[in-house]
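Note that the chains take the letters A, B, C and D in the order they are written out, and that residue 1 is the start of every chain.
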Amino acid sequence: MKDIQNLPDERNVYLNEVGIREFRYPVSIKSKDGSWFSTPAVMSLRVDLPGTQKGTHMSRFVEVLQDHAKLDLHNVRAIVEAIRERLNAENSYFTMEFDYFIEKQSPVTGHSSLLDVHVGVDAKIVDGDFSFCTSVNTPVMTLCPCSKEISDYSAHNQRASIIITLETNQFIWIEDIAKIAEEASSSPVYSLLKRPDEKYVTEYAYDHPKFVEDVCRDVKLRLDALPNVRHFAVEVMSHESIHNHQAYAKVVV
Amino acid sequence: MKDIQNLPDERNVYLNEVGIREFRYPVSIKSKDGSWFSTPAVMSLRVDLPGTQKGTHMSRFVEVLQDHAKLDLHNVRAIVEAIRERLNAENSYFTMEFDYFIEKQSPVTGHSSLLDVHVGVDAKIVDGDFSFCTSVNTPVMTLCPCSKEISDYSAHNQRASIIITLETNQFIWIEDIAKIAEEASSSPVYSLLKRPDEKYVTEYAYDHPKFVEDVCRDVKLRLDALPNVRHFAVEVMSHESIHNHQAYAKVVV
Amino acid sequence: MKDIQNLPDERNVYLNEVGIREFRYPVSIKSKDGSWFSTPAVMSLRVDLPGTQKGTHMSRFVEVLQDHAKLDLHNVRAIVEAIRERLNAENSYFTMEFDYFIEKQSPVTGHSSLLDVHVGVDAKIVDGDFSFCTSVNTPVMTLCPCSKEISDYSAHNQRASIIITLETNQFIWIEDIAKIAEEASSSPVYSLLKRPDEKYVTEYAYDHPKFVEDVCRDVKLRLDALPNVRHFAVEVMSHESIHNHQAYAKVVV
Amino acid sequence: MKDIQNLPDERNVYLNEVGIREFRYPVSIKSKDGSWFSTPAVMSLRVDLPGTQKGTHMSRFVEVLQDHAKLDLHNVRAIVEAIRERLNAENSYFTMEFDYFIEKQSPVTGHSSLLDVHVGVDAKIVDGDFSFCTSVNTPVMTLCPCSKEISDYSAHNQRASIIITLETNQFIWIEDIAKIAEEASSSPVYSLLKRPDEKYVTEYAYDHPKFVEDVCRDVKLRLDALPNVRHFAVEVMSHESIHNHQAYAKVVV
């Protein structure tokens, strides 16, 4: 049976990336406490393609995944290398996204519940160099310092998202990245709060008013203090309770 | 050229709806002030299909639309009837969704800006009866009465969505439905607020604490007072600032 | 600490549903082969609220979930009853959605891979009656009979979605619902196909041309033949390769 | 009333971007034929913020927009400059997305209909340099060369998306970018096709089989031939009819 993909290509146009996208596949992620968390992830696997080859072999990407479904994020490099080898490519790319859950205690009554964060992984080998970014989108609360200052009482507050994207020389747990986000916010959010907890969170947020600019800066200073961080970006999106749009701040290092 | 769709079908299975979906098309909507607002809408047009006919003629739905792009919502009936006639059907269905904008003044400084609401139209002729529902999703603010009561100061508040779906004997403007939603909330939201406005909105919301249950009930009572309403549903979704999920309330009449 | 929710409400407006929505929580689903599949689900839990009570107790919904994270779909009734009891309500509602994976062999070479389907569960107790619907959205392929008939060669084909929603007296596995969808399509789809498989699927689809109307009817006839089905709906959406919209068919029984 | 945003900030952290996001606003876009097309757009406006200033003035972004609602894409520079001036910033950023419609004739019967494409605009002034990218996402059809070659008859085909992102020294119409995408595909798609058109499109696609790699390369060669193009990227996503995932190719110049 003819292998059309392997035919020579006369256009001689190098393609930076070819592969599969929006591929859903269940993976197991190792948690900070040592247990394994199982979840479907949405993935993309790609390689570069020489100008002289007509097409890549799409089914091989799926085969690589089937060999690596148990994913220790300490070892994403293995899957990126396997893609490169299996596809005979120079460069290889692997991205995935999934929901992840972190157990937290409510601040006063100590009730335990799970907070969902959204995680992205972006790993690649380009020109022989491996790099690996983790991004964690953590929901928090912001309370507006301007509204607090100018109002005789109360202040508008809202849910906000903090996206921290990190490239490091050393592994950092999702749990630790989310904690940095929470500590820089007006208050963490929780799935389960009893009334004494709700009182605490309400007052705590009022005592820690923050613009998106403040949150962004405070996350940045915490990340600056980490060892082994090569690059990072921080984005804060506040779903303003007094508007129907978002306030936004971003810093890139 | 053979017309496969017109062939007889031996399975004799009546189909409730056949047609097109996720069809994007620009329409002009008449505003309360008499002007026309132009926007793409996402549409679906369907008819029922007798058990004895193999298929419907999909291209005719598009042709009906092309004859009705200037849509006075007073006259959605014309398009539903045109679908039924053009497709030789008993029952016909027309739904569309679009973003719509309402001009508002900020509460203190009077700055004008546009609030975006999301509108759905659901019209049909079934067994000879025409019916027509309009639904308007209005963004507002809710402030938690429990949080206010139990906290020494402040209260958590957040953006919320109120979806009012109405079937009436007489036309109601989108603008008037949105106003009912806003009046039942802790506070309206605005695209443009200067500092004196922000102070006003912050304090006003604190003075009007509402659970989703309260908002739902207050919208219901306002709708009860309208003449010519046959059925309605009210849904309130509050994007809780202290959680990563929504609080929800619904009433159906 | 005052319990505002428990206060009497003078408006006396009964609310059909109050509770939480867009709540993400990891669950374990029992598969047909006896193993357990772990995945985050997006959930909503609600109860009705008497007209005389100001508000529901939102945190209790989360507590009910925490007691029922290991979900055998044979026993969704337990969670709906627990919601009703914990919230002291007449009616209770539980819905959730999640991605699910079914292992399949490619048709010629027998390579194994996972197909992702999207599952919805909708259970409730209303006026003392428990009811439970499962809906499975299965991706398949449709090939247009008209295009095949009128063209000298080839036919347009595309990915389509079949949503089967079933209310039954007896449990039906997700795997069995997806199989009914696949058998009524022009061809199943697969995550992993080698070239002999791709040849087979291409020719098989051409040999089984189907309008959305045909798929809808063929699913309906298969469901009619099942014992213990009380109600069902079938929706077919074909992502037409020659258009930028969908062809649609629906039957309700 | 105190201006908290204008306070000095001791952390001295420069922020790359601060502003508003997910802001919906109606705009008028000038079409190639000289007419104006009205549509809501989803926008983001940002500036950079010196390390010494606590916050930006969010309401001013909305005021700039209100002065520029009639948008000739020839003159996006005016809005980016207005943002920079109004906010007293060094760098300013403006992005927006909207659906746009292009009138086309069906290939045989000449029936006219509208094709919807999705457009992105990304403009900025950074360090005094203005740059402006337009991206157009055009729906097309791809037919698999491998499936055609190995099968005795037919070939799998599907809807695909081609995203062309262009930075040019000279204005290029949306209509012309979409045409480049369509010419590089297996076939354009249409909103309205009568049977002779459907036969033509079916056979035309079979006569022009293309992998995502082929489409990507053919778009690239067409863009290479344009004068005044500074940078571009081409992404092709094929919604494979035999899989539940996408095939993908990308080239960056």
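Following the convention adopted for this analysis, a residue touches a chain if its C-beta (ideal position, glycine included) is under 8 Å from a C-beta of that chain, and two chains touch if they have at least 3 such contacts.
Quick caveat: nothing in here was measured; it's all calculated off a predicted structure.
Contacts with subunit B and subunit C are shared by A, D. Using the mean of the Cα atoms as each chain's centre, the chain most removed from subunit A is B.
Subunit B is reached from subunit A by a rotation of 180°, derived from superposing Cα atoms (nearest 5). For this pair, subunit A with subunit B, the centres built from the Cα atoms lie 34 Å apart.
We define each chain's centre as the mean of its Cα atoms; on that basis subunit A and subunit C are separated by 28 Å. Separating the CA-averaged centres of subunit C and subunit D is a span of 34 Å.
For subunit B, the set of residues touching two or more other chains reads 1, 23-24, 116, 146, 150, 191, 193, 195, 199, 244-245. Every residue of subunit B that touches subunit A in the complex is listed here, in rising order: 115-116, 139, 141, 143-144, 146-147, 150-159, 187, 189-191, 193, 195, 198-199, 201-203, 205-206, 239-245.
Interface residues of subunit A facing subunit C in the complex, by the touch rule stated above, are 1, 3, 23-26, 37-40, 59, 62-63, 66, 99, 101, 113-114, 116, 191-196, 199.
Every residue of subunit A that touches subunit D in the complex is listed here, in rising order: 1-2, 4-5, 9, 11, 13-24, 44, 46, 49, 54-56, 58, 145-146, 149-150, 211-214, 216-218, 220-221, 237, 244-252.
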